Each structure stands twice: as C-alpha cells, then as structure tokens.
Amino acid sequence: MTQESWMEGTLAAPLLGAVLALIAGRSAASAIGILTALVGSAASIGLAFAVSRGGSFRYAVGGWGAPLGIDLRVDALAAVMLAMTGVVGLCISVYAVGYFRGKEAEAASSRTNTGPAWLFWPMWLMLWGGMNALYLSGDLFNIYVALEVVGISGIGLIALAGGSAIAAALRYLLLGLAGSLLYIVGVELLYAGYATLDLEQLRQRIDAQPSTWLAAALMTAGLLAKSALFPLHFWLPPAHGHALAPVSAALSALVVKTGFYLLVRLWLDVFAALGTEHVTTFLGALGAAAVLWGGVQALQQERLKMMVAYSTVAQIGYLFMLFPLASMSGSLTGALLLAVSHAMSKAALFMCAGSVLAVYGHDRIQSLQGFGALMPMTAAAFALSSISLIGLPPSGGFAGKWMLLSAALAGGAWWWAAIIVLGGLLTAAYLLRVLAFAFLEPVVASSTRAPRAMELTSLILAGMAIAMNFALLPLHDLLHAGGAR
Amino acid sequence: MSGDTLVLDLVLAGLLVFLAWRLLTLSDLFKATVLFIVFGVLLSLAWVRLNAPDVALAEAAIGAGVTGALVLDALRRLDARGPADEAQPLRLNLPRLVGALLVMGLGAFLLWSVLSLPPGWRGLSSETAAAMPRSGVVNPVTASLLNFRGYDTLLEIAVLMLAVLGVWTLNAEPMPPAEPAGPILDVLVKALLPPMVVVAGYLLWAGGHAPGGAFQGAAVLAAGGILLHLARPFNVANRGVVRLVIGFGFAVFLLVGLTLATLGGRFLELPERHAGILILMIETAAMISIALTFVVLFVGNARDNAGRDTS
Amino acid sequence: MGPSEWLSMVMVSVGVFFFIAGSVGLIRLPDVLTRLHALTKADNVGLGFIVLGLSLQAGSLLELMKLLLLWPLALLASSCACYLVAEATLLQSRRGPGARRHVR
Amino acid sequence: MTEFMFLMAAAVLGSVALGLWRVVRGPTRADAMMAAQLVGSGGVAVLLLLSHAMGRAHLVDVALVVVLLAAMVSVAFVRRLGPVRGDDGTE
C-alpha cells in the first residue's frame, strides 16, 4: 500500500464508522465501533511506518492544491500523534464495549433504561475522525473545522453522563466556542495579510506585521483555552471528572493534545520567522505554573476521577515546557514521548477509575481501601500508569522527562529542570496516596466485578506506557526520517 | 460608499449597532428575542450591501428564521417553568469594563487592519476565477464549498450531524401541550408548505449559478417542517428512518469522495466532466439531511414520559 | 426616463408611504387590535405597491414571476399571522390578565 | 432612478426603525410580535428595492426566503408565546 492509501484510510475510517454506527443504531453500533477502531488504528500505525520509510508528504484533497484547495501534510509529528490516537483509541473502544455492557447489565437488574448510551459510538468515532483530520491538516481553516468536529462531539460525549455533567458540558461548549472564535479571527487576519490558508505557504510569507502578531496572539489564546493550559484550565476538571469513564479517557488522553499539537505547529514552525523567544518562554512559564498548580490541586481532591482530571492539568504543563527548550536537541523527541506515554497512562488511569466506580459505586479515595485485593488487575494498571506519570524508570514518562531534563541542563536552564523534578515529586505524592489505600486490608467485600475487558485494557495501556521507554530510539529515527522541522 | 447609498448604509449600520446594544441590555428576554430576530433580518440586508448574497440568504434563513424559532421555543420552555428570574439588566462593573475595553480595542484594531489592506486586495479571487471552468458550476461560492474546499464542507456537515446526536443525548422535558390548531393556521400551513418545498428545490438548483445551495434550501425546507410541527406537533425520535435521513448527506458525500479515491483520483477529487452532476447529487443529499437536522433540533428529544435522567 | 419609469417611481413612493403610515400607526394607535389593523395595511398594501412598481421594471420573465409570486405569499402570511395574533389577544383578554395559555 | 430606489429603501428601513420603538416599549407581547412582522415585510421591501437599485436580480430569491421564514417565525411566536401577560397595558 502507498503512503496515500494509508492516509486515506486513517482519514476516512472513523468518519465512515461514525455515520454507519449512527444509521445502524443501538443494535449494531458497538460492533461497528470495534470494527472501525481496528481498521482505523491499523491504518494510522501503517501510516506511521510509511512515513518512517518514505518521509513526509503532502496530499491535495480534491486535487486542487494550496492555496485554492486544501493540502494535507503528513510528517513525523503528525504521524506520531495519529498513531498515538490510533492505539489509545482502539483500547478505549474495547474498554467501552465492556463498560457499556456492564451498564446494561446493571440497568437490566434495576429495571431502568440505559437511555441513549449507544450514541457514544457515533460521537466517539466522529471525535476520533475529527482528531485525525486535525493532525493531517495543513490548512488553517480546515483545522478550524476539525476543531469544531472535535469540540462538538466532545460536548455530546460529556453530556451522555447526564445529571451534573450537563452543566460541565455546557461550560465546555461556551469555552470551546469562545476559543474557536478567537482562533478564526486570527485566521481571517492571516488570510487578509497573506492570501493563503496553507501552513507551509504561510511560513514562507510571514513577516512581523502588527496584524500578524495580533493574529498569532488571538489564535494562541483560543488554542490555550482548548488545551486547558493554566490559567485557562478551569473547565477541564468538571468536564473530565463528570463524564463517563471511556469519555474521560478519550478527552484527557487525546483531545487536550490537539491544542498542544497546533501550538507546536504554529510557534515552532509557521511563526518561527517572527522571532518568538519571549512567546516560547511565556508558554513554558504557563506550563511550569500548570505543573505546580495542577499537582497541588490533585493532591487535595477527594474523588479519584477529579484527582486524575487535575493530574491532566499538571501533565499538560509538562508538554508546554517544550517551547522554551525547543532549540535544544532531543527536546521534541522528549516532549512527544511524554505526550504519547501520558496519553496511555492517563487513559489507563481513567479506565481504572471507571472500573473502581463500577465495583464500588463511588470513587471517594478515602473509602477505596483495599481495592488492590479486590481488583488486582486494576490496581496493577494503576501502579504501572503511576510509574510512567511520575517518571520513574523504566517507562515512557521517564524517558520523555529525561530528554527534556537533559535538554534543559544542556542549555543551562536549571530552573526548567527544577520544575520538572518538582512536578514529578508532586505527581508521586498524589498517585502514591491512592496506591497506599489500594494495598491496605479491604474493608468491604464486594461481589460485583468489573467486566474483564475493562480491567484488561487498562492493564494493557499501562503496560504500553511502560514499554514506551524503549520507543525512544525508534521515535528519534522517525522524527529524523519524517522531517518534522 | 457613494452618495447614492450613503443614507441607506448609514441607517442600516446605525440600526444594527443600536439593536446589538439593546439586545444585550434588555432585561426582558421576550423583547430581546424579538430584537434578535429583527437583527437577523437586518444583518442579512447588510450582507446584501456587502455584495455577499449567498451569506445574506443563509443569514435570513438560518440566522433569523430557524434560529429565531429555536430561541422562541427555548423561551417557551423557560416560561413553562414558572416565573423565571428575569435576566438582570447588564450593569457595568470593573471586569466588564476591562472586557469591554479589550473587545473595543480589538474591534478598533480589526477596523484598522481592514482599512490598511492594500487597495484592490483580491484574496484568492484570481486563482478562483482561473479554476472556475474546471469546477463544474458557475457560482464561485458553490465551487468553493463543494469542490475546491469540499472537504471542509464534509466536516461541517459532520458538525450538524453531531448537533442532532447532542440533542438526542439530552432528555428534554416535553413541551406543554398547545392549543389545537385553528382553521386559519391550518389554511396557512397548507398554503405555505408547497411553495416552501418548491423554493427549497429552486434554491438548490440555483446554487450552481446563483446564490443558493444546500444549506439555504435546507433551511427553507426545515422552516416547512417546523411550521407543520407548530400546527400539529409530531415526534422525530431516533428511529431507524430518521437516523438514516440524518446520516444520508454525510454518507453520500463521504462515499463519493472515497469512490473517487479508489478510482485513481484523490479523495474528493471531482472529475471535471462529472463535477456538476456530482455536486448536485451531494447537495441534494445534504439538503435533505440538513433540513431534517434543523427540524430535529427544533422538535428536540421530548420523550413520551417525563424526561428521566439516564446517567 | 420613459413613462414606465415614472409610473414605477410613483407606485414605489406610494408603497413606501404606506410603510411609514403603518409604522406611525404602530406607534400612535391606542390598543393592540387597532395597531394590528394599521400594520396589516402597511404589510399588504405597501409591499403590494412596491412589488407592482418594480415588476414594471423586471428584467426577465422569471424575475417577474418571482415578484408576482412573492406578494400573494406575503399577503397570505401576514394576514394569517395577524389573525392569529388577534385571536391570541382576544383569548388572553377573555381569560384575564396573568393567565397562561397552556394552563387549561 | 437608482438613487431614488436607494432612498426609498432607506425610507422603508427608517419606518422599520420607527416600528422597533413598539418592540422596546411594549406593552404587550402582541406588539412586539407585530413589530417583528413589520421587519419581515420591511426587509422584503428593502431587498426588492435593492435588487433593482444594485442590479442584482437574484436578490429577489433572498426576499422570497425572507417572506417564507418570516411567516414561519410569526406562527412560532403565536404558538409558542401567545400573549401571556394581560393586555391593554397591564404588564
């Protein structure tokens, strides 16, 4: 298969699956969902291999070519994000099958209606399709549309939980709309200035006009809000904390990365000619603040899901430390490795929280004493994800943080290094607190068990987060071959 | 802006600003709703004056019409909850002042950057003009939406589809029963439905060479559905047929794109010879789906029994 | 300018006059029903004159047809709508102030 | 002729603006509905006049859409929000 056909598969599979799942309805939605997830993740992994062999390429959708048409741009950076989405997306899909089957059984025993739970499938596949479209795109307006697809499906998914999640979904909607508005105004300004929407053409034409700076500022503000970087993170914990477990996993592990990815594209590539040192320092400082603030907040949470959600606030901060360190060799590899292993371990953590909820009926950390004995697989998954999130060796989180740390020290920027270490300690504090409860004597004997599919997928994901330790060299080679910057 | 049009443009612009201000400051939601609809109609006139008749059509149909009906419906639901807290009139405090100043600064800057565009700024219009003969249609807006940047439109249709899914996830409370429709309302509905369908079809067809197209046609078609629902309420729950029609437009668009890719072209690369007919096909499917989408958004997901929380 | 132009301008002027008269009526008249009366005049007659005046200048048969389709539609819509508003108003005043329509 | 049509359009717009006074003033909901209707037909009139003055025949299509949508909105007004408050000035 050619690079192009892998790409077409990556782009189209989730979109097609989404509409088929919608048409098929309750009876066949989950089967279509799993099938789509298999095809979609295979396509994105195939694409990553194709890029590592053949290098980056462009693809003119509709055959018109930029600036009139829309060009896709597939390079190593995009390929890594797509593969990450594929792998984690597949696991989330498998988990969701078990999760909703468990919900149905529960509903059948208590004779209530599960309601429109099957709508998860079309919305989740559309979310996946939107993220793929976003990573593939090389066109500012097309990215806007993809952002909308991601945002609107995310809102629907959060609202699936009903109850207090509706308010969180509404807040997410308003914030998302505000972010989109800022972004699109920036896009209009750039189009007015350079008569193109194509990222590559824009990079070549850009100069330091006042309107270009305004456009950059507006787009950055919008994207920061969407990626929930401190201090624009306030919407994230309620949204991610109240959603259903597979939804939380998808949002926290994957969706928040889209904003980060776009900011990397913009500031480290398109806007690079503007002379961006103070901007990248600013972004890094926000990231550092997020690491500390999110960590402290996570420590104080009493509900497991809220704690995991605040942990996302902190971990996003790490990714943004890439910006000030970008000129150091290895920093991009490190940040990407961190992003990928965070996606895996964070999805696993939310899955664990979902399994715990299914068994205990609540997720108050204080009352989870001994869940390690009741649910050994889940506890193991929790422990492995924690290792990676904290950054203990060997794990993807360790390798990523190590790369960033050595980049910081090589550049003599010891303060970034200090933040990285301090953040790791905070992460250790809030995760070990939960683990400590896990291995106490159980106080309640529960007969309910989480569906095997749920516990197993979280363990697999957590294992992968550990295994990412050994992905350092392949990733480095891929970035080299695929010509991301 | 020549002398001929100066008076008109000034009145229009002045009215728009006045309306926007009143809309935000009125404490009566009902009046604000009325002004919102008025604002939509006048905004559509403004688009006409800016030589963007396609946008004017969309604004009149969706911005004023369908959205207006949606807001009215929401207002009724608020009413039915009993005496709602009247919205507080907007008072100026420090954060609002800062916000207002920021927005005004941004507005001033935008104005400045528009004015500082090089004279005769044409964007991509020469590229568009050069490609028009190969696009299969004559209206450059339709060519952009369905051919040059058809991929964007595909994803936009996905967003509309997602809106329906979002409505279905919510269990709205059922609408309080309305008075039965009187004879005059029946006459109106019977008399308006056929022209609405005809006009929708006409707009769809006209889109190839004049302002119009799937979105505008769909809005008019949806207005017919909403009118019918207002007179004789019906339910469009998520049943098989409804779901099929909702997904139809997106599915056709996507499958056309994929078929073309497997036949040796690129994704959504419409062959020059068949572009016109393919665009019409895609637009027809899209119009039907979008029209039903609007109707579902209006009718909502009222269940037969009282809305139950299904979390 | 030929006679058809002059006729157009006169008819359009009359139409605009009715619009202004309608708005003045909307402001000045004392109660809902009389205001409704004034408004319907503006809607129907004003728009009618404008349509007639412009149809003298129509460039094509299609345009003429659309213009002549437009007025009856507007007439029908606004007359029915006014009837409905009046009916609702009367129902409301019979039930007394403060009553909600959906409460039976 | 063109200038005349632009002026007439401005006059219709002005009369619509006068009508808006009723929306803001009230006192009944019926008044506000009426004013919205006035904007519908006023908008149509302006569009037709502009169609002639700007030499763009297809603006008649926009007017056609406004007529149909305004009818739908008027019905929505009455069916969803018949005058809930007392008439004749009691608010």
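So that you can tell them apart, the chains are marked A, B, C and D in the order they are listed, and the count of residues begins at 1 in each.
Methods note: a contact is a pair of C-beta atoms (placed from the backbone, for glycine too) under 8 Å apart; a residue touches a chain by one contact, two chains touch by 3 or more.
Owing to the predicted nature of the structure, the values given are computational and were not obtained by experimental measurement.
Undergrad: Taking each chain's centre as the average of its Cα atoms, which is closest to the average over all protein Cα atoms shown?
TA: Checking distances from each chain centre to the full centroid gives B.
Undergrad: Where the centre means the average of the CA atoms, what chain is farthest from subunit B?
TA: A
Undergrad: Using mean CA coordinates as chain centres, what's the gap between subunit A and subunit D in Å?
TA: That pair's centroid distance is 49 Å.
Undergrad: How big is the gap, in whole Å, between where the Cα atoms of subunit A centre and where those of subunit C centre?
TA: Whole-Å distance between the two chain centres: 56.
Undergrad: State, to the nearest whole Å, the distance from the C-alpha centre of subunit B to the C-alpha centre of subunit D.
TA: Chain centroid spacing, subunit B to subunit D, equals 19 Å.
Undergrad: Could you give the separation in Å between the centres of subunit C and subunit D, each centre being the mean of its C-alpha atoms?
TA: The mean C-alpha positions of subunit C and subunit D differ by 9 Å.
Undergrad: Counting only residues that touch at least 2 other chains, which ones in subunit B make the list?
TA: Counting only residues that touch two or more other chains, subunit B contributes 79, 178-179, 185, 188, 192, 195.
Undergrad: Quick check: what residues of subunit D touch more than one other chain, meaning two or more?
TA: Those would be 14, 16, 33, 35, 40, 61, 64, 68, 70-71, 75, 77, 82, 84.
Undergrad: Send over the residues of subunit C in touch with two or more other chains.
TA: Residue numbers touching two or more other chains: 69, 73, 76-77, 80-81, 84, 100-101.
Undergrad: With touch defined as at the top, which chains are paired up in contact here?
TA: A-B, B-C, B-D, C-D
Undergrad: Could you pull out which subunit C residues touch subunit D in their complex?
TA: Spelled out, the residues of subunit C in touch with subunit D are 1, 5, 9, 12-13, 15-16, 19-20, 22-24, 26-27, 31-32, 35-36, 39, 42-43, 46-47, 50-51, 54, 57, 59-60, 63, 66-67, 69-70, 73-74, 76-78, 80-82, 84-85, 88-89, 91-93, 96-98, 100-101.
Undergrad: Which residues of subunit B touch subunit A in their complex?
TA: It is residues 106, 109-110, 113-114, 116-117, 121, 123-124, 127-128, 131, 147-152, 155-156, 158-159, 161-163, 165-166, 168-171, 238, 240, 243-244, 246-247, 250-251, 254-255, 257-258, 261, 265-270, 308-311 of subunit B that touch subunit A.
Undergrad: Within their complex, state which residues of subunit D touch subunit B.
TA: 2-3, 6-7, 9-10, 13-14, 16-17, 20, 23-24, 26, 29, 32-33, 35-36, 39-40, 43, 46-47, 50, 53-54, 56, 58-59, 61-62, 64-66, 68-73, 75-77, 79-82, 84
Undergrad: So in the complex, which bits of subunit C are touching subunit B?
TA: 69, 73, 76-77, 80-81, 83-84, 87, 100-102
Undergrad: Within their complex, state which residues of subunit B touch subunit D.
TA: 3-5, 7-8, 11-12, 15, 19, 22, 26, 30-31, 34-35, 37-38, 41-42, 44-45, 48-49, 53, 56-57, 60-61, 64-66, 68-69, 72-73, 75-76, 79, 178-179, 185, 188-189, 192, 195-196, 199, 202-203, 206, 210-212, 216, 219-220, 223-224, 226-227, 230-231
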